[in-house]
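The following blocks contain the structures, represented as structure tokens.
Each of the next two complexes has chain A plus one more chain, namely chain B in the first and chain C in the second.
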Partner chain A sequence: MEMNKKMYVARSPRIAARMLGEEMLVMSGHDSTLFTLNPTATILWQAADGATPLDEIVERRICTEFEVKPVDAMRDAEELAENLARHGILLISEQPIGKPDAPAQGRR
Partner chain B sequence: MSALLQEMGERALRLGVPFSAQLDLTYRCNEQCVHCYLDHDDHGEMTTVEIKHLLTEMAEAGVFILTFSGGEIFLRKDFFEILEHARSLTFCIKLKTNAVLIREAQAARLRDLGVESIQISIYSYRHEVHDAITKVKGSLRRSINAIRFLKSQGLKVIMANVLMTENMQDYHGVRALADELGAEYTLDPTITPMMDGDRSVLNLNAGESALRELFRDEMFVGDADEFCAPPPPPDAGSLASLPCSAGHTACYISPYGEFYPCVQFPLSCGNVRQQRFIDIWRDSEQLKEVRSIRLKDLSGCSQCAHGSTCTRCPGLAFMEGNMRGPSTADCEKSFARTGIPSVNLLAKKNKATPPCLVQIQLVPAITGTRLSRGVLSMSVA
Partner chain C sequence: MTSLAARVESYSVVIAIGGVPVRVNTTDASFLDMLQNRYAGFVTDGGSAEFDFDVDLNAPAGIDREDVRVTQHAGRWSLERRDFRAEWEPAMRRGSIRQTANPYSIDAVLRIVHTLVLARSGGFLLHSASAIRNGKAFLFAGVSGAGKTTISRLAPVDATLLTDEISYVRQQGDGYVAYGTPFTGEMAKLGENASAPVAALYLLAQGPENRIDPVGEADAGRGLLGNILFFAEDPEFVHRAFQAACDFVHRVPVRRLTFMPDARVWELIG
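Moving on, here comes the complex of A and B:
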């Protein structure tokens, strides 16, 4: 994605997901491949509502929780988002992404 | 099972999370299979509202893999409403069905809702054999049509082939049919007693010689010599191991809200109409008892040569009268596989044999390498 362009991320509606301990377990609806997301990736995943740009998610949710430089956090977040998108479990767009959007499941 | 899924199952066990559950939506059915263990009358199924509420509780409790089964799930008019709600809670959904009510529109909707897999019962590749087991003329044709609709939507279909005396010779043909249709194939040579305890259907179980032949069939078991090798004696690890996931990371809910450790384990632990799902899971005395069982506690089985490799089902043992006792169906499978009788089978034989003054019992040598066997259900991807 080009510099200065907003990246919007949304959870794919075809996935299955559940918190298990501190990690999020995600199954791709495309090929049933399983993934686990560490706590940082889980925060990004849960915030991926299609309406909030990735840089805002990083600034408000990642940088406030972890001691990490915003530039480094943004680079890691973009890499993670693109990786998840390649597996069909996250949608990426330069425009806000409307429905369908899967809810972020957590265990209370 | 993938390594990651197994790891997640182990983590769920450590955390006390009900990782997977089966919810039967109805016991009503449009087939009348000769071996079925259910009473198909409706004795007061949960309503749509009750089921949606239960699903929310199950998601909050951590259930990830959710299997909808029955009876025939598509007989519920609200099936897609329930499924839609379940997917909004991001369950990984598996369906078990005879599929005779699935046509193009239903298949497309299942794809849109992101169902993980659909398991369909197929008893034979021959229409007259399959239809005689389901007692519905034309049922095989309709199930096969449904598989084609589902595959055309890119969905994962598993053909489940329960074996019994009526269809024991047909499994190669069913496997070939699965290959032709692009479906996965699984077979199960165990007929279980009815949930009310009636054991008459067990007469349909395939006999020992048929099982022996199946267990030597390398198309299904891989290396037959390895599969049928004598088991090693149980070691400390296997003696301390759990029998299966029932009640530990898995559970079953009936259409009437009854909570059981497993669909094959009719020990009522509570009812979700009266208690929260998580409260039953955490506090049921029955579940605590099920969780306390280890191989070393089982009379007979703990001394049995098959202890380390047996597929003993605690639910079938419970239906035989003692959840800490043997499951004779599994003893018979171990015997058919290895030729070595279990402690339980020897005891039964001794009871049946008139006493004699001198009795010499042959104890087979125990050799071979440890194998992990799951012969209750053998899957071919």
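Moving on, here comes the complex of A and C:
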């Protein structure tokens, strides 16, 4: 994603997710692959409403949870979001994602 | 008036697994005999059935895949593997199977149908042995080689073996009930057609001693999901099966059972 452009993230509607104990388990509805999200990915997943830009999620949710510089956190969060999108767990876009029920793509 | 058309005899058998009766219709008497023998203990004397399947004993053409493919379109399920092709419409309560006269194809179809039926009500089929003891059912889950058959062979005489391979788990109220199945593993012995409330799930591991260890909820979920039978390439089915597994580990004690091939392991159970 280019610098200075907003990134929006949304939970894929094709993913089933559940917090078990302290861990977030997600399963692909396409091929039933099971993933366990780490704490940062869990925060990102929970905050991925399609309307909140990633930099706001990083500032409000991730930087407050972990002792990390915003610029480093943003870089890591973008990489993480793109990785989750490659697995079909998140949808990412440069525009707000209003209808996550629309045909799901790993990356818009 | 005498009809000139040849009369075709039709035979039926009702196979009830997990309390779900499925009627199989065939025109071949020897195939009927095979089904009655294969599912002995799970065959009922006619009566109503949840679903009817008509079997056409001809080899399906044009299917190359060795693994099963299960898809759904507009409420119609399609099940196919090299040795069978089946269609099933749950809303119509009817289906059809095209296969040769062998027990393996229809066995696979029944497993898939029951998997889909259970997913609608929070249940599942599980790669696990299961047995009833003192009125309670215990599940022993594990992949091939984990010890399902061994733990089944070591079961004491007062235990009722439900299966040594595929357990049938149905949600009932706030709990779960395990049913016997005719789906066999290495023992090649049908489970008893019985049921009991599930008291615990044990994730099997073989080791130098017999012991039970606690399992965290996430590990329990991963362990259970790794052993649930998934067939369908259908997001709704996967979602339901996933949620069913998560609900189960939230309600039922899950433990890790490490054991050596020694009947004393059953002193820890029940």
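In this text, the second predicted complex is superposed on the first by the 100 of 108 C-alpha atoms of A that agree within 3 Å, B and C clash if a C-alpha of one lies under 4 Å from a C-alpha of the other, contacts with A are read in each partner's own complex, and residues count from 1 in each chain.
Keep in mind that, in the parts below, a contact is a pair of C-beta atoms (placed from the backbone, for glycine too) under 8 Å apart; a residue touches a chain by one contact, two chains touch by 3 or more.
Because the structure is a prediction, the values reported are computed rather than measured.
By the touch criterion stated above, A:G29 is placed in contact with chain B and with chain C alike. When chain A is checked against chain B and against chain C, the one touching more of its residues turns out to be B. In the superposition on chain A, contact of A:P39 is made with neither chain B nor chain C. Contacts of A:A16 after superposition on the shared chain: both chain B and chain C are touched. In the superposition on chain A, A:G98 makes contact with neither chain B nor chain C.
By the touch criterion defined above, A:P70 lies against neither chain B nor chain C after alignment on the C-alpha atoms of chain A. When both complexes are aligned on chain A by C-alpha atoms, chain A residues 14, 16, 18, 20-21, 25, 27, 29, 32, 34, 36 touch chain B in the first and chain C in the second.
Across the complex, chain C meets chain A through its residues 216-218, 220-222, 225-226, 230, 233-236, 238-239, 241-243, 246, 249-250.
Here chain A touches chain C in the complex through residues 14, 16, 18, 20-23, 25, 27-32, 34, 36, going by the rule given at the top.
For chain A in complex with chain B, the touching residues are 13-21, 25, 27, 29, 32, 34, 36, 102-103, 105, 107-108. The touching residues of chain B, when paired with chain A in their complex, are 2, 4-5, 8, 11-12, 15, 17, 19, 59-64, 88-93, 114, 116-117, 156.
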